[in-house]
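In the two assemblies presented below, subunit A is common to both, partnered first by subunit B and then by subunit C.
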Partner chain A sequence: MLFNSFQFLLFFPVVTIIYFLLPHKFRWIHLLTASCVFYMMYIPVYILILFFTIIIDYLAGILIENADEERKFRFLIMSVIANVGVLCFFKYYNFFAANVDLLLHKTGGTANLPLLNILLPIGLSFHTFQAMSYTIEVYRGNQKAERHFGIYALYVMFYPQLVAGPIERPQNLLHQFHEKKKIDYDNVVAGLRKILWGLFKKAVIADRIGALIDPVFDNPHNYSSLAINVAVFLFIFQLYCDFSGYSDIAIGTARVMGFKLMTNFNRPFSSKSITEFWRRWHISLSTWFYDYVFNPLVAILRSWRKWAIVFGLLLTFFLSGLWHGASWSFILWGTIYGAALVYEFFTQAVRRRLFGMLPLWLNHALSKVITFTFIALTSVFFRAKTVTGAFYIYKRLPGIFSELSTSKSAARSRLFGDLDKGALLTCFLLILLLELTHHKEGKEPLDMFVGRQPRAVRLGVYFAMAFSIYLFGVFTQRQFIYFQF
Partner chain B sequence: MLLMYAVQYAVDRGLRKSKMQYFATWNDIYSGKINADVIVNGSSRAFLHISPQILDTILHLNSYNLGLDGWGFPMQFARFRIYLQHNKKPRYIIQSIDLDNFEDRKDLYSYRQFLPYLNDREIRDITSRYEGKFTFPEMYFPLFKYNNNLNLVKEGLFCYFNIGKVATNKLYKGFGPRSFAWDSSFERFKAAYPNGTVKPVQENAVREFEQFLNYCRDNDIKVIFVFTPILREELAMEKNAGEIIAMIDGYSKKYNFLFLNYANDTLGADRKYFYNSQHLNAQGAALFTTKLASDLKPFVQAAP
Partner chain C sequence: MQLNNVFRKCFKRQDITVSPETSAADVTGWDSLTHMILINDIERHFSIKFKLMEIMKFNNVGDMLACIKKKVNT
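Let's turn to the complex of A and B:
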């Protein structure tokens, strides 16, 4: 069930109302049942995969807590192998088989590994990582093992964040399921406000941009370089609004019931470096990799000194790319980010000195523009799906200069022949609205700003947004982009 | 909420008076004022190729073009059934045949044309067969079906209140010829399918076609199958063209309906008369309709 669907419009209030009507001791059953129903709307039988990993990790948590040091580690490895094994089987087997075949074919051999004709279980990458963070934190002694099987299952399956995060930590989420939640006006208002904003970003901004630029990415050879450049620029906003919109709906849905999920995005386009970008974009994933891959790796390899950091960054982002997708374009995307972070690591002092010579406003503006350009350009790998497709787009990008130098008016006519003028203008206005909101958020949390306004203004804004979603939201059966992971 | 229902009512009613191309023919059908002697039925190759003006002049009959751009026979038949609910049955039907006749599409193409008529059961039934069919919110939530179609809301309100600038009718009795220059779609088709293609013949489309023919026979409506001109190079690439034409020939003999086959007409040898490999441009359509009307003259009786 998608968040921007009619079914969810019914599902969410029904689940929430029943939640608050039930006595506390039965609420976990209700939420777990609702989460199962939510998950089973996709491919019902895949819930068995989820139960398999839940049972393994539940037992592993208890075993780890009760075991001596040596056996603790073994139980942890067992849990990690089970989780990663399921992930690898469903997500990476076909990629692995196809590449082994290709490699052997090039060397004159053949493997003929069978390919699996199965769909990836929805949200597999997300709940697997969430489950692994539990056993790792129990192993580290930061989290007590959850003895209540139902509560543990709910931790993994909690429907607002089940299929696309935020990837929660047990220290944040588990205890909340034990707490008795009362209906709280502030939580309900804050949650609904978050849902509204998330839906606006998803249905009005992201899907509208998608409708405009999808044909360009699907058939770039039919479009001018100017149109391709515009599409590349717009895609990163589509990606942001789609994913952060989903996260906001997830966070808002949980908040209405009194659950506080972690922030997943924090004005990423304000970043002045790639390092900063990854502290602001998909925070739950980047912190997961930082805490469970990068940091331990650097600790193990500390004798390598700075090369431990270099290796750590490259491997972490290689894995991050792989997490995003079983294809060379995602691996390349991740590796490029790893390389960019290594570059920033080595050049930090130099860049600070150089940029420090500029006036502060210029320093910040230039840093943001360079960072944004890098992010927008690398996102081509995300969208193009194949390396060949991505390189074709890169090859076409510089053509904008010759198109504009030949005749600006001809280039403009061609652009508006390729991309609907009204739709393009609407997208740019929406992006402007988005960035104005972010700019405001930089000074004061949006929640607080809206909450301070007179009631009439607040209601007017809510009504305008709801009406915009209703009349201008794109509701074709368009999945959230991050569902594919 | 009440206001939204009221606005939707006004928009629906307004669009039912609109001359916008999406709605002009549907509105003529629902108004019950067509009552033509000759109906031209078919896909875009009917819509773009057969001029009622020329037919009327030569045949001295009242004709109307119900050609439906982008749709195979099942939707054409549905439109014809709706036509019969509001207008008297024709004496003749010129059924334009093309190689996609028996292929029903999967998606709800050009969905906007159906928006003002979703209270019509026939429209709801026929559109429910396709991907992208109208959802519960689109059918029952006020104004939701006009989501992202503000231009239609504006047109509907302007037509309802008789204010502002509204769309003009670009069609003549359902006919909408195109004066386009030759496009590159055929070159892309040849590149994508160098060995040609085979057009599907779907059972459900054949079944509905036979139901249509049975109805016409039982109600004394004379059907004239017409295979309008097609670029010869395109015809050569459609591997089962002969088979489909033979099917129509078979129906022609079975039902004793006339079949005028212009698949190899001289027009098809010259790209000058086409804007793509399957569609005549305005000049080509005018020439063709004149030829068609002359060929039909011995077989049709003028209106009394």
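Let's turn to the complex of A and C:
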């Protein structure tokens, strides 16, 4: 089920109202059922995959907790193999088979591996990672194994974050299902506000930008370099609004019922370095990779010292790229980030000295612009679908200089021939609005700021946003970009 | 304290003084990336080897100290 659909508009209040009407001991059954329904709106039979991994991990958790040192590790490996195995089969088998094919052809061999017609189960990359965080934390002794099967199943399947995160940790989420939640006015209001804002970001900002720039990315050959530059600049905002919008709806939905999910985005465009960017963008994923891949890997290889860090960064981000998609574009995207972080690691002292010579405001402004440019440029890999497609876009970018140097008026009319002037202006205004809210958030959480305003102002804002969503929102069922992961 | 000297050598600064409550937030240069280099320096200095699970549980200098003492005494 999509969050930006009329189905969800009905599903959410019904589920929430029944939740609060039921006595606490039945609530887990209700939420679990609702989550199954939510999931099965996509491809019903795939729920069997979830049941498979849930049963394995539930058993693994208990076995790990009761076992001695040596067998603990074996049970952990069993759980990891089951989850990664399912993920690899459904997500990576075709990519693997196609590339082995290619390699065999190039070396004169014959293809043997059949390509299977498998549709990726929705949310697979998210819930398998969330499940693995459970067994790893039980293994590390940071989490008690959950004995209640239904509650464990709910931890994996909790519908607000089932299909696109935030990827939760058991220490944060699991115990909340045991707690009796009372309907709380502040939670309901904060949750609804978050949903409204998330929906606005997704249905109005992201989808409006998408509608404008999709033709450019789909057929860049037909567009001027100026239009391509504009599309690349706008895309990162589309990606951000799409994904953070979804996260906000997920967090808000959970909040209305009294559940606190982790923050997934924290004003990523104010990052002054790529290192900082990964502390602000898709936080639940980057902390997952840090805690369960990077840190243990570097710890094991610590005698390599600096080179352990280099290897750790490259491998972790290679895997992160791969997590995003079974394609060379994503792998390249990830590896580029790994290389960028290695660069920042080696040049930290030099950069601090150099930038330290500038006045602070310039230091920060320059750092942010450089970081933003890097992020915007690399996001092309997210959109271009193929590596060749991405490089075509990059090749066209510098063409803006010759277009602008020949005739500004010709360039301008070409741009407005390529991209609708009104739509372009709307998108820029929406981005301005977005950045103004981010700027405000730097001083005070948005929720608190809105909460402080007089009632008339608050209601006005809510109504304006809801009306904009209705009026400007694109409801032709545009998929959330991160659903493909 | 010997551990102090290890910190000073690792982060190349003489003004570092650590206490049991010190953590990465308190020392410039000690971050998630350089943490393992520090651990390796400590191991080399005291001729000990930490287990992976022990390293994962270090929250501050005090945790490290307790572990070092245990290993040096056995």
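Definition applied: the second predicted complex is superposed on the first by the 485 of 485 C-alpha atoms of A that agree within 3 Å, B and C clash if a C-alpha of one lies under 4 Å from a C-alpha of the other, contacts with A are read in each partner's own complex, and residues count from 1 in each chain.
Everything that follows uses one rule, which is that a residue touches a chain if its C-beta (ideal position, glycine included) is under 8 Å from a C-beta of that chain, and two chains touch if they have at least 3 such contacts.
As the structure is a prediction and not an experimental result, all values here were calculated from the model.
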Report for A:309: first if it touches subunit B alone, second if subunit C alone, otherwise both or neither. second
Identify the partner contact of A:460: answer first if only subunit B is touched, second if only subunit C is, both if each is, neither if none is.
neither
Per residue count on subunit A, the busier partner among subunit B and subunit C is C
Touched partner set for A:13, first subunit B, second subunit C, both or neither: neither
**Q.** Which superposed partner A:445 touches (first subunit B, second subunit C, both, neither)
**A.** neither
Query: When the two structures are overlaid on chain A, which partner does A:470 contact: first (subunit B), second (subunit C), both, or neither?
result: first
Open item on the list: If we overlay the two complexes on their shared chain A, which of subunit B and subunit C does A:85 touch? Say first, second, both or neither.
Closed with: neither
Touched partner set for A:44, first subunit B, second subunit C, both or neither: neither
Listed in rising order, the residues of subunit A that touch subunit B in the complex are 6, 470-477
In their shared complex, subunit A is touched by residues of subunit C numbered 32-34, 36-37, 39-40, 43, 52-53, 55-56
Note: in the complex, subunit B contacts subunit A through residues 132, 135-137, 143-144, 146-148, 150
As the complex stands, subunit A meets subunit C at residues 140, 290, 295-296, 298-300, 302-303, 305-306, 308-309, 345
